[in-house]
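These are the structures, in structure tokens.
The following pair of complexes shares a single chain, subunit A, combined with subunit B in the former and subunit C in the latter.
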Partner chain A sequence: MFLFPTKKAPAPEREASSPERTSLPERSERSERSERSGRPEELGGPERSGRSEQPGGPERSGRPAEVSPPGEPEKAFPGKKAPGVRVSGLSVVYRTPAGELPAVRGIDLELVPGTITGVVGESGSGKSTLALSLLNAVQPPGRISAGSVEIDGLGDVVRLGGDALRKARGRHIGYVFQAAQNSLNPLKTVGKQLLDLGRSHEVDDLRELVRDAKELLGRMGMDGARVLDSHQHELSGGMRQRVGIMLALVLNAHLVVLDEPTTALDMITQATILRIIREVHEERGLTTLVITHDLGVVAEVADRLAVMYGGRVVEQGPTMEVLGAPRHPYTQGLIRAIPRLVGDIGEARALPGRPPTLGTIPARGCVFRERCHLRMAVCETEEPPAISRGEWIVACHAVAAEAEAEGGRRRVAAGTQGSAKAHGAKGEQG
Partner chain B sequence: MITGQGITKTFRQRGSVLAGREVKALRGVDFAIKKGGAASFIGESGSGKTTLGRIIAGLESHDAGEITIDGTPMSSLRPKQRQPYFRRIQLIHQDPYSALNPTRTVHQTLNAPLDLRAKGTGRSRSWVEGRAEELLELVGLDPGYVLPRYPHQLSGGMRQRVVIARALTVDPEMLVADEAVSMIDVSLRLGILALLKDLRERLGVSVLFITHDVATARYIGEDGELYVIYRGQVVERGHVETIISDPVHPYTQSLLSAIPVLRGLEQPGEEPVVPTEALDEGNHDAGCLFARRCPFRTGRCESEHPVLGHAEGTSQEHACFHPRRRSVVAMPAGRA
Partner chain C sequence: MTAIGARRLPGVNNVVRRLAGHLVRGFVMILVVTTISFVIIRHIPGDPLLARYESLVEKGMSPEQAQRATAALYGFLPRGTLWEQYLDYMRGLFHLNLGQSLSTPGVQVTTLLGSAVAWTIVPVLVGTLLSFMVGITVGVYAAMKRSGKLGDVLALSGSLLHGLPQYVLALLIAAIFTTLLPIFPSGGTADILFEPGFNAGYIGSLIQHAALPIVTYALASYGGWILAMKSSVVTVLGDDFILAAELRGLKRGIIFRYVARNAILPLFTILALSLGMLFGGAIFIERIFNYPGLGLLLINSITSRDYALMGGAFLLITVAIVVANIVADMLYTAIDPRVRSGGGTAS
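Presenting the complex of A and B:
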């Protein structure tokens, strides 16, 4: 079931359905597939032997061993292995009649082992595409065109294919789909689907799998036996979401991706699911990625936050710091646009303009400039540089200019202490 | 002015397995929405708030109770005679993607109802064209850009504005907005809310806002009335700001406690209320409907049924035997 993302790949143009045009992508799709299927064969040998060096590798058909792989730093969860993930230079393009358009471009993102990272963005920001890339599950007409996704104990997922990839999904990477009702089979009970999952991943002891599933469901406040005997229509939205989380975790994956885990749930259920995500994350020692359009969700669960816009990460850093003093104009605008329970209603306002779609993302320069109040000439042509302050990274020309001015002041002050009157005072303060 | 008294609605399941099972969607709800006023119904999914909205818009029948529009009780009229009343109450759906006909341009969508009106009142073709442009401008869209386009060529926010413009073609007295912003991008939500507020102020259209997100209810206007609905019953009612700052019913408090806190900017309320169990759709109708999930229930709650009414020291109405103010709402950091 992990092979079927529920979210349709953004079909960029209606015209794509005309027969003339579909024939073209299909051809190149086939050539791409053959290109891909070549890769795992090349990689098969070294990869398999490489994996058997990892603890847990030989027992892949049984329960993965609860030991930290060598070389991975010991984190706050001894005995458990939360993998780190390094996404570098990742680009995903979708083939359209207008050529290949980037949905995600040049993303660098690190998921620190044992943390919850929240990716927040509006429709068309590329957040779901990014999430699917973590499983190398971007569906045609999309493809990963550049970059790598390094997952501890698994290597570069972008280079995995075939059976190795199929097994990695579920075993290493759990994925909870947006709208869990669409990822469950309406004709089978949850229990049957669980057994299917076990068989397709060659689990030896299915009884133990069922026992684990019941325990997980019980942990999330449900009657495990009853839920396993139910069809999806017998479960409420919140219960389906928890079933989705159970299926993502039951094979003992330690990297979990949740795509819009609370969309379409009401507030009280959302709060319950968020609490469960947090608790299960801590108890099982996971590395978790939460994809959402709702900054509130990220604020509730995530340790670190990445804000996406037009296929780029425009700001990332520790949640509290970023929310407390956002630096990118988009993050600032987004926070101001959230209806709040307290404070002056007049202070809140919508961002002008509208988010770009695949076809309208500017090819050059800053993707946010159309809606930005700090827009400068340089934003039209140059990619904003990534300005980092510790773990906090912002990609914005205005922030860069400010940082430069500050740095310049500091340099001037340091270099000409006492002599440059204009900057002297500032230098002493610094 | 639209009022409702004792609105009751029970859905009976059909089919072989569930036949005869009853779902009490509404259990005697009273409401009153002034001309040009604003009201919000909030509650979880399954609380009956959407059913109530549909009954008010004339799209659903009710089993008992009376809807009165401008002093005329609807039960005194034949269905055909009710039509002109209910036409002036327009429903705006949650999903602007399915509310518009995908094979029609915005021009066609807006002209159809305007043509009908023009025919009925003997107005000219140019009035129709002019009015369509006027309405699009009113909802903040550029007629030149939007009119020739199909729904799929517009963003979600623009589509919702077109839906609102279409509702305005019949000069409605009231707009019923059912989760009208929940599918709109976060950065654009406030724009739609501001538009509804603006229409209230400029055209005197009253707005009924149905949502599960209390925070959005604030943006319809400070004078708005808030109805907190739980399993078909109003459990707390009063001014938006009063209920948000001083809720007394544990259910209202649970809803408010569940709203995510923007850590870094805000700190959580001191006494968050978390229901002891999830919403159970079973029929536990004895006593207070919320008792099974209420952390503060007593023996009385399980046997006696609390009725909505004023209590000492509070300006709102509530249906709780043990009302108490609790600080559940997040406060801006450093000001708590």
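Presenting the complex of A and C:
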């Protein structure tokens, strides 16, 4: 059922390449890397859409778990196909004594079906809030104040509620917690929690579910029967993380959100988890969102990358292009701050200043201006326009000015609204 | 999942080893406490034999007569040094002989304790379990609704009852239900009209007499349970695995069970310990409702300087608490898998 795509490089080689993750690939390295991993450098195109159909869909359609009770609106969900996700104008505010403060503001982001999108940002940049918004699970005192999260087959998740929302979580959207966090009930074995999951989602054949779970666990290099019989404290961090991935996938969810999947894991385990994410993603034909603060992780797994700062997406586009030639001063600063594996540690230059907290995010103008070396007068007052070139979108006044100077070669969108539309149209073809 | 038995077997050994360790430590603890209480009791001012002797002399006996009468009454006079008396006492203990009561001469201490135990255990046990169950239920509710008015009211009722001293509560209840509204008897264990035995009248009377002490005891401890459970539930609600369960789309009922089971865990320890304390009796409550339990017996033995009875009562309380501690630990082993396999993370 789970076959490795033969075109992929063998796993050990991948792992061997992982230490280099800390140093970001140079432009010249890029093509070499993508050759090695057999991964197309450009997104979209016929090959990608072919890949997303790959995993043995027809077999899975026979699963009883797949059959939703009649009369449920979400049964039309194409269980075998990776869904697309369109986040538009998403804002999340947190209620504080100082009033409602935005943690995420006006985010436009598209997850192209069958791709892995990485979201990077510092602590407090709103990336986890964004991840929770995808499940409409922002915890009080936070709430989604504006915008929509359209998921193929589910509709606008922001408007879902009650049982419909509960059933969407788990079955349609899998969520994987950070490894260091304890995402399992400490008093129950993994197997019993799996059964709780099955019962919650009206899975008729629990034996089948257990079989699937064992297969998934085995697929990730673990002894399924033993793991199901274990309590959380009997598993290591990497094992727990794989159990988390199993629980997110076992109901055949095709949109998977991984929140800091490798944080607090050692390097070897990190590499293993990343390899598993990549492989499972391809085998099952998922749409995956990886939230991380580790640029290396994004470089390793993500097809597309979104950089968040102060609750905004400041730059997004195909991973290798963005990392190879970042245009936003924040992204540039992040990459400069990474120490190289070879060379002087002093070459890594930390970004001056501190990231804003919920209370100090500027209400007007560019959120990054306090730490920006390209700061201009206009940054104080005006939202940076979103400049898009192909799939690459940057929100920065300096980049906009540069683009304008370069002339009509680049299309300058007047505001975020326009770019979202342009971007959305692009996504529909892919 | 078939390998459970085979893999858990070392765990069983673990449990036995644990239990053995507890028993040894508990035994030593009992010896130490017995010794200390023996020494203390003998040094309490006021000698019961001397008091008896003096009261006889006051009644007009000659000193010799009084001495003989006292010796005849108690069957013995303390002889030898304190050390010899101690060895005598300990020798008796190992034969489960706690000696004779001094205040009710001719009656074995064990008999007195035995007749009082039932009158304490049943009401206090029922009261504790009642308040535990009601308290944790209300505590869960108060935690869930903690941002609402009802939650506030419930938590406040908990704090209030928790802060109210037992004796004030007991007096209040006694005043209301035996004097102002005389619907309950004011003392004793059962109406003498009824033949003790298994008949409806006697049992009804038993319940009627036990009702007020039970309710008082339950109310007195219920506040503590509410507060403890509420804070425990709030802690668990903030745990990551609850959010994770929510994000996996688990049903509310299942998530509720996750919360409840994890939150109740620390309370079981408190419950087991408070069950150990119940042998100490609810002194104020038994006194106010004139209920012949261990607490009343203990108070009476102290005021009459009944060495043997005091020693026996202290010993019973010590043993009960040691046993409760062991039970609490073993219970924890049974309900918390992390303790069962010796804790720690496999990695």
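Definition applied: the second predicted complex is superposed on the first by the 321 of 430 C-alpha atoms of A that agree within 3 Å, B and C clash if a C-alpha of one lies under 4 Å from a C-alpha of the other, contacts with A are read in each partner's own complex, and residues count from 1 in each chain.
Following the convention adopted for this analysis, contacts are C-beta pairs under 8 Å (C-beta built on N, C-alpha and C of every residue); 3 or more make two chains touch, one makes a residue touch a chain.
Predicted model, so just to flag it, every value in this text is computed and none were measured.
Legend: residue contacts after superposition of the two complexes on their common chain; A:Ile245 is shown touching neither subunit B nor subunit C. Within the superposed three-chain model, A:Asn185 lies in touch with subunit C and out of touch with subunit B [touch as defined at top]. In the superposition on chain A, A:Gln139 makes contact with subunit C only, not with subunit B. In the superposition on chain A, contact is made by A:Val297 with subunit B only, not with subunit C. Touch criterion met: A:Arg171 reaches subunit C, while subunit B stays clear of it.
In the superposed pair of complexes, A:Leu235 makes contact with subunit C only, with no contact to subunit B. Put simply, subunit A uses residues 236-237 to touch subunit B in one complex and subunit C in the other. Listed in rising order, the residues of subunit B touching subunit A in the complex are 44-45, 152, 155-158, 185-191, 193-194, 212-216, 218-219, 222, 244, 254-266, 274-275, 278-279, 281, 329-333.
Contacts from subunit A toward subunit B in the complex involve residues 14, 122-123, 221, 236-238, 266-272, 274, 293-297, 299-300, 319-325, 333-335, 337-343, 345, 348-351, 354-355, 357. In the complex of the two chains, the subunit A residues touching subunit C come out as 132, 135, 137, 139, 166-171, 175, 177, 181-189, 191, 196-197, 199-201, 225-226, 228-229, 231, 233-237, 244, 247-248.
Here subunit C touches subunit A in the complex through residues 1, 3-4, 7, 239-241, 243-251, 254, 258, 261-262, 265, 335-338, 341, 343-347, going by the rule given at the top.
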